[in-house]
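Here come two complexes built around subunit A, the first alongside subunit B, the second alongside subunit C.
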Partner chain A sequence: MSSSKKSSDGKSSEIEEAVASLTMPFNKILLTSSDGESFEIDEAVARKFQIIAHMIEDDCAGKAIPIDNVTGDILSKIIEYAKKHVVEPDEDEDEEAKKKLDSWDAKFVEKLDLETIFKIILAANYLNFEGLLGFASQTVADYIKDKTPEEVREIFNIENDFTPEEEEAIRKENAWTFNG
Partner chain B sequence: MKLRLRHHETRETLKLELADTDTLHDLRRRINPTAPSSVHLSLNRKDELITSSPEDTLRSLGLISGDLIYYSLEAGESSGWELRDYQTLAPQSESNQAIVHESMGIGFAEVDSNPNSGVEDPAEGSKGSNSGMDDPEPMDVEQLDMELAAAGSKRLSEPFFLKNVLLEKCGDTSELTTLALSVHAVMLESGFVLFDSGSDRFNFSKELLTVSLRYTLPELIKSEDTNTIESVTVKFQNLGPVVVVYGTVGGSSGRVHMNLDKRRFVPVIDLVMDTSKSDEEGSSSIYREVFMFWRMVKDCLVIPLLIGICDKAGLESPPCLMRLPSELKLKILELLPGVSIGNMACVCTEMRYLASDNDLWKQKCLEEVDNFVGTEAGDSVNWKARFATFWRQKQLAAASATFWRQNQLGRRNISMGRSTIRFPRIIGDPPFTWFNGDRMHGSIGIHPGQPARGLGGRTWGQQFTPRCNLGGLN
Partner chain C sequence: MSGKRISMVEKSNNKRQRVNQVPKFSINDHHDVLVEILRRLDGPSLCSAACVCRLWSAVARNDSIWEELCFRQVSPRPSLSLRSVVSALGGYRCLYFLCIRPVLARLPKLRWTRDQLQLSLSLYCVHYYERLYVGAWLGDAPPSSLMFLRKPVNVV
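Right, the complex of A and B next:
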């Protein structure tokens, strides 16, 4: 089938695409995490992960896809988010749905500790799941906003590796921020 | 508890209701009343589940409602399952058990004072429980549904992990014990194992004011000499309405501490213990509080300790901001307002470097500066300096507007909100600093190096004079 997909005959590929789109809702993809947990999801959900979408396009997605970099607990959260966001509501058209989804997102992330959020960021990056990567990154950014450098160091366990001289210089360089 | 008993070959599944206090033998009898000893049980279809003590309750084995247990009815010889006695990995005491839990997928182990006596690596343990999934035989849809159902309920894993640990050790329900055990659960879930345990360390009575627990990581339990193993210590101090928790790494002087409000958390944790698992509604306020507790303890206590011990032992630290690849750190910076990027530059050398990206500042100018004209060639302009100028002007304008407004109303004393000047504090040798455990709900009081200058009517003008030369753009 893969060879005919790439054929230059426009008509036959059109037909194939039509057939593919008809069968798509029925297609399930199996993802297996690094620690052996399996998740069966609709193809539409799996397509949110660009690396899998590409595999499907290139016809090298078998029934089961191993996700070696991600553990089961993180993968399950990612899939949970992906399922909710399969169809992104248009802000202008359906404000109600957007509000509901935003509220769900807030509850979703509220329960997560920072380590989990970072694991999700890394996994979403690996899977190339733009939506979740952006959302999780924004969550981290929200932690940082309105915090002083000292507070940021405490929250994220960052060591201050400036020498006293560097510290002085940096303070001067960024004095304009301290009046905010 | 409701258990699912599945025949390992026919996949026929029985749903049985048993009491938490029933034993494995009771379970066997329910499956085969005439010949209970011919029933062999397993959690992962590889190792047989037996106990050395026949009175052990199902609950003490870590089984909870909804669990899936495989069984076979073989007369005489077992179905080929490896006999593994889950109880004998450590000396017989309720607090020393290694339990692998299939539906939870979480394994945890405790080490007694002699590290030589068969330590079960938690990572290994949980792999073992999932080895059933790696079976070469194809997964049929029905099994998948069952696994998914079990996996779905696992998503509330934190409260139930907590519940499991608490139920096991429960004898004494004093508030200190409840909180200490809850913190212990978070430690275990994050990969720590108990070290150098006394026999009844979990029976803190109300009279005890402080309790100390020592933890280490399974990877570090290689050396025979217990003195050389890196460890962390968690100390609980009973202080009226609050339990103060201190964490220290090894022998270093730095430590983290947090306060746990008994009134806030103990009732909620007790409720989690009592509520049956059928309450799947994760959004109920009880679970929300437990999640908050879990997050607080993990972010403020456990992760700093984990990072500390990994640092000391030369292990890779857990996922944290600095461990992200540069492009992801940059992505996060892009989402911040210009002021925060300036603050981030003061955090550490790497952040300073990332935050000095010219394109990043050009983007911020585009986003935040009104009437921005960005037609000049990107590289030749110092966009950060530009932004700084704009920001200061903006602050000046805002202050000026407020000043005149206030003056017109006849008021002389102006307070401009956050007028304290904050400077980053230089931290000494240990990477830990003091902070309040409930920072999720309020900001930390920072002690400025210089006295804060209030913006009185006449002095505000001086505050905005920059003492540095920003490349001539002023």
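Right, the complex of A and C next:
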């Protein structure tokens, strides 16, 4: 994956790249996944992962950084997201760009199954990539919004380990409506 | 193979696998992930989540999740020193259940802003002091002032 891959609308990505190149030295960082896949990315993109940003600051980011907890397929998805979000558009200043990015985000998760999203959350947590962690977690939260406990158990394949009495008490405690 | 087709194949494989074996990923093995997800739910969904299993019930008792829920639409954010006061009065989860939930249950479209939060905090204080003083003098009689939240009301 090389950095020369540009997004479809040329102008905004040109501005993004100009800003990135003014503020960061044009260095490349090599990331290696747990299963041996390598990804070469710009320093600006790598800095989205706080764990790597700290390594760069402390001068211990060598040529290649091993990411032992993340497999190649997940890492590639994360890098794809990071590249798109290198420069976050300000909601007040550039509403159009924010809307475009939101729609890209929606399409990004649409084709992912729940297990992949979990792995992305775990990896984003490990890499300390706040933006993607928040977005992926919100996606799963939206998925279980307004669902009954039975439906949630079905989705995550969780066993109901309450005793009938416990379940009765818990449901009563957490009831959303009062009957009189 | 396109990404969509891969995930579709994976989905049908998962369905078949579920009958025979435990799926590879279990959310209950990853406490951090569970907290991140529950933090982003709304009130009714969080109450539902608390009924799923023991682990989810325990995580849903985490007061910081309820704190975040109380302050989510409030801007600007209240100061952090508020946290110690609310904890002393019984915590955010209690605040939410006692003073905020009954209101939202009746007025689901209500926008929860600073004024409503201030009002609920005042009611919460009243409740606390009533339990402290009224409860102490009249035995175990429950404080009566907040019972109005439980009575059915003709809300327009």
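Throughout what follows, the second predicted complex is superposed on the first by the 151 of 180 C-alpha atoms of A that agree within 3 Å, B and C clash if a C-alpha of one lies under 4 Å from a C-alpha of the other, contacts with A are read in each partner's own complex, and residues count from 1 in each chain.
One rule holds in what follows: contacts are C-beta pairs under 8 Å (C-beta built on N, C-alpha and C of every residue); 3 or more make two chains touch, one makes a residue touch a chain.
The model shown is predicted, which means the values in this text are computed figures rather than measured ones.
Look at A:171: by the touch rule set out above, it reaches both subunit B and subunit C. By the touch criterion defined above, A:37 reaches subunit B but does not reach subunit C.
Contact with subunit B, but none with subunit C, is seen for A:80 once the two complexes are overlaid on the shared chain.
With both structures placed on the common chain, the touch criterion links A:145 to subunit B and to subunit C. One of subunit B and subunit C touches more residues of subunit A, and that partner is B. In the superposition on chain A, the residues of subunit A contacting both subunit B and subunit C are 111-113, 115, 118-119, 121-122, 125, 133, 137-138, 140-141, 144-149, 152-153, 156-162, 167, 170-171, 173-178, 180.
Interface residues of subunit C facing subunit A in the complex, by the touch rule stated above, are 3-4, 7, 10-11, 14, 18, 22-28, 30, 32-33, 36-45, 47-54, 56-57, 101-102, 105, 150-152. Taken together, the subunit A residues at the contact with subunit C in this complex read 111-113, 115-116, 118-119, 121-122, 125, 133-134, 137-138, 140-141, 144-149, 152-153, 156-162, 167, 170-171, 173-178, 180.
Taken in their complex, subunit A has these residues touching subunit B: 35-40, 72-73, 76-77, 80, 107, 110-115, 118-119, 121-122, 125, 133, 137-138, 140-141, 144-162, 164, 166-167, 170-180.
Here subunit B touches subunit A in the complex through residues 105, 126-127, 130-131, 133-134, 139, 144, 147-148, 151, 154-155, 157, 190, 282-283, 288, 291, 294-295, 298-299, 303-304, 307, 318-325, 328, 331-332, 335-337, 339-340, 342-349, 351-352, 388, 391-392, 395, 418, 421-427, 431, 433, 435, 439, 443-444, 446, 463-464, 466-468, going by the rule given at the top.
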